[in-house]
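What follows is a pair of complexes built around chain A, which joins chain B in one and chain C in the other.
Then we have the complex of A and B:
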């Protein structure tokens, strides 16, 4: 009995530890003024504030960068997964490991590499998209490849034997049968690209400030209300993403 | 290499995967309209031979002919060789009707609906049009797989242990149906199995395979009663041993 109470206490403590920062973030967005650590009043003043053009621009930038990045990432993830699932060539395993390697390396390190390697793209929208692409595509590739490689080779062979070309087989057999993995990849990509901070901090330019960068900048200037609103939006997007990925896959 | 009597001809065929030589200089011929079986133990290269003929993997050496035509360099989807697998390989996201119509739709032939229903009637699966593969029994799935392959009238029918996953009673039924359909349609057929009894019953001729090579080719009767090869006698002798065991069991049960 004593052990059970102790276990329950530990679980409760850890849960509070995790949920507390998220709850406070939300609280920041609905408290216009604080006295010490106590909210003076509640209101949606910060939420109204983000309707100003500068903030709307940050939101639209986030969707544009995440959207464009996700299109590239998903197309590459699907084509790459098809290649690694259905073709044999020397060095295939090594190449696949190399492609997945950014998942094990710090985003900051990858960003530094990008800045040095692609000097002409520095401070452009394309560099931000490239950054997302390098960091997020391995995760999407993992999802899609896992789904695609589970399709029986016999199904593909049967399709060929019935007269279906490689392109037709890809469209009519492989894509529909790996749709769960691809959908999960799309959702994951959008979620990760929207909330990417560390890589965007290294690669952004003033024209293309996104929500995570704004949160960081607002936080450094002490304007926590706006940061709270943006954080809440990102938390909702992330939670929705996780839920949708689980649901779809 | 021209031979109008030939349905399928394999000449000096070899295939290796890495350092493993799976098929070693294989030579055999299936006559037009004949039902031939590749019989051998698991891992002897039967299925690889079938996949080489299907065109899903390229040979390292050798040529493959369908009739007079050299198809070695023709891609799988243009060879018109139909295959039926042990695991049925039905497209799980398509209904029975769509599965059977798949090859016809690619060929863009007229009267697809009539052709699909005709073959479904022949295979005794009418009424299952709207079902998905996971809503069918093993026997029904195998009938659909056969219907899907036969409806496009392939030049060569390849059967990769198609009866391994069905029960004994159904196996007996399907065996007769496959043989009857093959005869009535006159399709050159290459059947792969490791089951000696099945090969002896269903085949016009049998090629005994071992370690990527053909040991002997002959009619079931010739191989069973008159083979001079020790491997063939040992391999087919298992049927006799099975019959002996069955007889002994019957005696002990009395």
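Then we have the complex of A and C:
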């Protein structure tokens, strides 16, 4: 009984520590005026404010950057997972570690490296997509690979021995059986690309300001309400991401 | 023959990506850190190691990461130990733990400031009922950064630890209990040695993530507390690319040394 109470206390403690600050962000988005941290009134002024073209642009930019990045990330993740799950070659583990290594290197270091190496792409949409691709693709590949490698090799061999081509086997056997992992990878990729600030910090340009960059700029210039609205949008996207990844995998 | 062609074609397509977009940029960056106006020079490194700002940044990076990891590992162990036997509690903890994986650490810090900062809602609410809530006094210091790191990166430690605990053979625990081993003795002699690998792996992952993050320092450090990644960003913003390359190289080498040390420790632990 004592252990059960302690366990419930731990769950409550973690919830307060992680969820409480996030709910305060939501409060910021629905309180137009404060008096000593106590809301004077509630309203949707800040939410109406984001319908202005400048904010709509930031939202659409976020979806465009996250969408285009995710297409590249998922295609690469699926191709890579297929290679690592169904082919044997020397240096396989080394290559896999190399692909995963950007996960443990600072985003600022990766961003600076890309800026130094690809000067013509500096301050373009392509550089932002490239940044997302380098940082997020290892996470997605890990997800898709863990799902694809669980498919029975006998099933794939049976398909080949019945005369099915590799492409056909990939489309009709491997893809459907690893769809949960791929779907989780797509959701994870969109979620991570939409909320990425560290990657975008050095790679963004004025034409392609995304929601996280806007929150960073708003926070330094001071309109907390707008930052609150954008943060809430990202929190909703994140919660949906977590729920959907948990649901499909 | 066709099979081989397909294999090597795919291998080339997958392998070329980290070479072009990770190794090559990093090699170029390291190379540029030892060139000054086209001439080989270590002047950037001399400036780095003789400057108080940069050495403090390096020290802060190690100090903040080490203390955060110690707190995370103690808290994480306590959390996992206390909920591992209760399925529903474990599921809730796992779900909460997965939030920071996709959540922006910058927004999380802004949320922390709005909650516990000087003008934070919780700070004010506590003040109104006469409780002096101490968090706001150290939130904007390096201890505030440690606090934010400890909360945000705790899940990255908890998740591998959960996997290690799930691999423990329950018969072994029962055998220990039937031989009279209980409580802390059972934990120290039976459970902990079995999860040590996951424990150290969790420490390594958390350390590297904290050492290399910038968002939390950017949001809470407010320019007063700085780490290597923050200095890299500020040098880049001031268009001092040579120094930014040098800081990036020092950061990479530090990351490599820490990862190497942890790998040596992991190598010595039997799974």
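Quick note on the criterion: the second predicted complex is superposed on the first by the 235 of 249 C-alpha atoms of A that agree within 3 Å, B and C clash if a C-alpha of one lies under 4 Å from a C-alpha of the other, contacts with A are read in each partner's own complex, and residues count from 1 in each chain.
Assume contacts are C-beta pairs under 8 Å (C-beta built on N, C-alpha and C of every residue); 3 or more make two chains touch, one makes a residue touch a chain.
Because the structure is a prediction, the values reported are computed rather than measured.
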(request) Please work out whether A:14 is in contact with chain B alone, chain C alone, both, or neither, and reply first, second, both or neither. (result) second
(request) Report for A:168: first if it touches chain B alone, second if chain C alone, otherwise both or neither. (result) first
(request) Have a look at where A:177 lands relative to chain B and chain C in the superposition and call it first, second, both or neither. (result) first
(message) Tell me the contact category for A:245 with respect to chain B and chain C: first, second, both or neither.
(response) second
(request) Considering only touches as defined above, state whether A:159 meets chain B (first), chain C (second), both or neither. (result) first
(message) Tell me which touches more residues of chain A here: chain C or chain B.
(response) C
(request) Would you tell me the residues on chain A in contact with chain B in one complex that are also in contact with chain C in the other? (result) 166
(message) Help me check something: in the complex, which residues belonging to chain B touch chain A?
(response) 51, 54-56, 75-83, 85, 87, 89, 91-93, 102-103, 106-107, 148-149, 152, 154
(request) Over in the complex, which chain A residues touch chain B? Could you list them? (result) 152, 154-155, 157-166, 168-169, 172-173, 176-177
(message) For the complex, give me every residue of chain C touching chain A.
(response) 6-7, 10-11, 13-15, 17-18, 21-26, 28-29, 32, 78-79, 82-83, 85-86, 89, 92-93, 95-108, 110-112, 114-116, 119-125, 151, 154, 205, 208-209, 211-215, 218-219, 228-229, 232-233, 236, 241, 244-245, 248, 251-252, 255, 259
(request) Flag every residue of chain A that touches chain C in the complex, lowest number first. (result) 3-4, 6-8, 10-11, 14-15, 17-22, 24-25, 27-28, 36-38, 76, 79-80, 82-83, 87, 89, 95, 98-99, 101-102, 104-110, 112-118, 130, 133-134, 137, 166, 188, 191-192, 195-198, 201-202, 212, 215-216, 219, 224, 227, 231, 234-235, 238-239, 241-242, 245-246
